[in-house]
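What follows is a group of structures, each given as structure tokens.
In the two complexes that follow, chain A is the common piece, with chain B as its partner first and chain C second.
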Partner chain A sequence: MIQDTPLDRFLIRSAGTLLGLLWVVPLGYAVWAAIHPPAFEARFDLTAPLTLANFISAWDQAPFARYFLNTILLVGVILSAQLILCTLAAFAFARLEFPGKSILFTLILMQLLVMPDILLIENYRTMRNLGLVDTILAIGLPYFASGFAIFLLRQTFMTIPKELDEAALIEGCSLLGLLWRVYVPLGKPAMLAFGLVSVSHHWNNFLWPLIITNSVETRPLTVGLSIFATTDSGTSWAVINAATLMTSAPLLLGFFLFQRQFVQSFMRAGIK
Partner chain B sequence: MKLRNVFFASSAIAALATGASATDLEFYFPVAVGGAAADTIQALTEEYMANNADVKIDAIYTGSYADTTTKAITAVRGGNAPQLIISLSTDMFTFIDEDMIVAWDDFVTEEEQTDWIGGFYPAFMANSQTEGKTWGIPFQRSTPVLYWNKEAFKAAGLNPEEGPKNWAEMVEMGKALTVKDDAGNVTQWGVHIPSSGFPSWLWTGIVAGNGGKLADDTGTQVTFNSDAAVGALEALVALSATDEVMAPGILDWGGTPKAFFDGQAAMIWTTTGNLTNVRTNAPFDFGVGFLPGLQQNGAPTGGGNFYLLKGSSDEELQGAADFVKWVTAPEQAAKWTIATGYVAPRPDVWDTETMKAYTADFPQALVARDQLEYAVPELSTFEGPKVTQLLNSALESAITGQTEPKAALDGAQAAAEAILKPYY
Partner chain C sequence: MIKRDWIYAWALLLPAFVFLITFTHLPAIQTLLNSFWTTPKGRRASVFTGLGNYEQMLSDPVFIKAMVNSAIYAAITIPASIALALIMALLVHRSFRGVGLLRMSFFTPTVLPLIAVANIWLFFYAPGFGLIDQIRLFFGLPSANYAGQPDTALYSVAIVTIWKEAGFFMIFFLAALQTVPETLREAAAIEGCSRWTFFRRVTLPLIMPTTLFVSVNAVINAFRLVDHVFVMTKGGPDNASMLLLYYIYETGFRFWDTAYAAALTVVLIAILGVVGIGQFFLADKRVHYK
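After this line comes the complex of A and B, so read on.
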């Protein structure tokens, strides 16, 4: 292995710091604008008075508690459906033989190539025919069979030594038992990594939820948040930033708390 | 196969269900002036339902205009169109082209044709009628006006009660109002004409003030590079480049009221949709006046119209039309105008006691109404979003100094003609 020279290390660290700074600047501004009165939106004065009024005002302007509940339900439903469906599918593609296997797998991979936005109208029509317009289920349903999850888990399952299968089968394990006792525990890092991607994607998804929901009872945070950006009456950056911080806080907190685990599972799952 | 049958069966049931209660209506509305205005629409809808027990209207707040249009187009294509939406008046040709709206004419009596549809200001109907039919009913309509800071005028030795009457006066006052600190940095600009996102709107007003017009009423012909248009763009560019009364570069729309409140700009151009906001938040006395024209008065109209969407039974559409007749009636329209600052779209609204009391206390609200006499329609053509985008890019490149005004507009004209060719 080639040794890092001090210069290499310096370059890598400074590039990392630069990227980190670039990423944190907007977040830093959001925090600044959110905890100061609107008069200090664009004036950076260290002695500016601190206030929580922006958070209160944002909270009062929209039913955020309900939006939080909707979003949490939404990502929960999507993630559990994805994990169950995609684990089963990935196991079948990795270990079972059945006619049409490679064609089916190619079809699933094609899902990765199609932008979901092209399917908006077709998805809307399906939801309407199912009578699901304006339900949380309708926001999640199109994402249940995730091609990415199936692919990722299949690749992980393929790397598991077949000897383990044989050992388990000799011990009298059923097929589902094999999946549950051998594949699921060994596939956990990949599942965790996928879970993070899925949760953050659906927490932030906007266009499809906007189109398919009509009421406060079903709208997720992103759609609820969009009402703050009203150009005609002037944008109140302080309140918008307070609302944005509130809505992204759970994700940020979760990431900071479980940072080590996330990074490790990404390394192990091969998504770097 | 079985699953598909379930789909069809459930869609048949859904169709039956909507057929049974003919007056279950859906109504999408955007609000560009903040969440509180949405409550006013909800309250009006509920009042209507309380008086008409057989009608149920589901008023669905859909955020910005762009979000509303996206939602509406998807719902129409998905076979689940709401009966009624509010969308930009300039969307008319796009909606006709998409074949997604029906004309109002079939849902009004002959009497209402003259009394009701004929009762709106002609300036607002210009973007609502084509081919002899009425496609939109004006509701949240606005027009830009000039707001000036009376205290800044006093400080600069100007008469605080008189705003600029024409472009030359605006430039002259702007020079007096532009304040620099000792280091030579500007602390207060004379004028602020926002140009982010859709500079074409305010520029349409400058062109009208220069005696020009950007499009005809068929939506197929544009004249972006007429002498009046080029002159208007040169004047706008000169504000920063040679007159030095306006901050250079693209100025943000959303930040405009803020720049006014903070004293960074002594005169701003912005929509009357902001009137209530400025009234509540400006920490000083302010005046409101017509847009100062290069040769004459001129301003665009803007904002949203009611549209009836295809895909529902005639009875449902009639129910929706009746609701719109009620909500645009003087008393209701007056409430809406007072809550938001949008221009009441009919002369009879201004005659109500409610409006009279309001304008007696707040005469600035009358300026927008009086300016309607000089108003021209906002740019609206077939392939509207594409054509407008072309023009906006051309204006931005001239404002930022990348292209000469004439060259930028020539380019936009040629590109727009190519897009509109199939529609002649």
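After this line comes the complex of A and C, so read on.
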């Protein structure tokens, strides 16, 4: 039973290939439609001419350039804020003793279940009171303090040997200096892992941005795409598919180039 | 006496907690409070109604439909995506030529935005154009509109979820399978134990913590992610694919009945809370991950 017989290997590979094919078919079908003229969107002809016209026409029909800019700004702002706020908080939880520590940590963990994604109505009210409705900042604010990031970084910081603290403090390093010179460099792999997860999460996020934005200047790609795909203007499937692939392209490209890092980051982020 | 460390700690935590309290804890509490009041309409101010909103739910056919749908949706997507994820992991955890490509094809849907995934599948399902309908026509079957028919809409949405999530859960099972010691495999071989027995008696118990972890994630996602409903069905036709969070959105932002939406949100939070508590107790007993 340890050694697979040739038959075992054959069965495993066939089953794998079959399931794999089944898994790529929907995406493959969309790609097919996107790179061929609309006349071929439901006709399989290997000699069909390839074209980029669908991408160009999608790009011209909706302000995708602006949507891209909005999304890039959005994920950039969120990730920077998360890294700063959560590193500070995680450091306190990992290294300092203070009253209220366990209660505060429980409050952090509660966010893993009750995330801002479902508190739509109250968060909308808050943004209206702050006068921030329809701003990119408003899309990001609820996610700045990520309970998940604090938890992940705390776990990482706790594995750093305490001797390093003592050495640094004896050398006259301040607490913030210690954080900056020792903990941040050693925590970089965890931050990178969190960064990948955070960027792909917020690149893909939809419901909250849909609610809080209502103009081209603030809409991220996901919301822009959904509006583009549901307008009843008779846009052809080929063009909609081109737009769909276009908006996912940066993440897909990143994934194909840094496959290992992506998978490891997602895993690391999940298990800890 | 207040120590210096305390001040440092509180100062380090303050910025994160300002955001955490403002956008998670306070809104959660406010939602609970609002659920006991009515929605102010025009000049009529909000009045205290106690459990009125909750009583309204019991006689609200759309709410009941949404709850039933959410239950069916969870009952399909959770076991199916976990089972498929495990099968995928078992298929690709040893190395052979092309295994990298296979892993990639399973994992790719995870990277795509759910909105994009929904578009891709809507095209796949589209009557006349979609691949499924083409196959039907090829076999002489009548055209079918899977996402647009009341009896299939919910299942079409569920299949999309499974497609998107299975590859994500696969990577956790892959990691878990790596930890099954080779010596156990050898011992089992000497004992002449069959492949299936080994899987059931050794592998499955060893990857139990992963299964629990993945299950909790699957449950949370089943209630938290409704992006594809917006694109594919909008909860219809005739509420056939209405899910709880989508109903909260409709109530709150299309009908502006914020008090009733608050009560619905409380129900959602309660469901997630039960999941969290369940995980806590299960994790204590059977499972070690931290």
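What we mean here is this: the second predicted complex is superposed on the first by the 224 of 272 C-alpha atoms of A that agree within 3 Å, B and C clash if a C-alpha of one lies under 4 Å from a C-alpha of the other, contacts with A are read in each partner's own complex, and residues count from 1 in each chain.
One rule holds for everything that comes next: contacts are C-beta pairs under 8 Å (C-beta built on N, C-alpha and C of every residue); 3 or more make two chains touch, one makes a residue touch a chain.
Model, not experiment: these values are computed from the prediction.
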Contact-wise, after the overlay, does A:M267 reach chain B, chain C, both or neither (first, second, both, neither)?
second
Please work out whether A:Q111 is in contact with chain B alone, chain C alone, both, or neither, and reply first, second, both or neither.
second
So which one touches more of the residues on chain A, chain B or chain C?
C
Go through the superposed model and pick first if A:A62 touches only chain B, second if only chain C, both, or neither.
first
First, second, both or neither for A:N70, with chain B first and chain C second:
neither
Would you sort A:S226 into first (chain B), second (chain C), both or neither based on which partner it touches?
both
After the superposition on A, what does A:A39 contact: first (chain B), second (chain C), both or neither?
first
Please indicate which partner A:T218 is in contact with in the superposed arrangement: first for chain B, second for chain C, both, or neither.
neither
Check whether A:G131 is in contact with chain B, with chain C, with both or with neither, and answer first, second, both or neither.
first
Using the touch definition from the top, say if A:L207 reaches chain B (first), chain C (second), both or neither.
both
I'd like to check the shared interface: which positions of chain A are touched by both chain B and chain C across the two complexes?
41, 120-121, 124-126, 207, 210-211, 226, 229-230
Going by the contact rule set out above, which residues of chain B touch chain A in the complex?
7-8, 10-11, 13-14, 26, 31-35, 38, 58, 60-64, 67, 70-71, 74-75, 77-80, 142, 197, 253-258, 262, 271, 273-274, 276-277
Residues of chain C touching chain A in the complex:
3, 5-6, 8-10, 12-13, 15-20, 22-28, 30-31, 34, 87-88, 91-92, 94, 96, 98-116, 119-124, 126, 128-131, 134, 163, 167-168, 171-172, 175, 185-186, 188-189, 192-195, 198, 213, 217, 220, 224, 226-227, 230-231, 245, 248-249, 252-253, 258, 261-262, 265, 268-269, 272-273, 275-276, 289
If we count contacts the way the header does, which residues on chain A are in touch with chain B in the complex?
39, 41, 61-62, 120-121, 124-131, 133, 207, 210-211, 214-215, 223, 226-235
Hey, which residues of chain A end up touching chain C in the complex?
1-2, 4, 9, 12-13, 15-17, 19-21, 23-27, 29-30, 33, 41-42, 84-86, 88-89, 91-93, 96-99, 101, 104, 107-108, 110-126, 141-142, 144-145, 147, 150, 175, 200, 203-204, 206-207, 210-211, 221-222, 225-226, 229-230, 237, 240-241, 244-245, 247-248, 251-252, 255-256, 259, 262-263, 266-267, 270-271
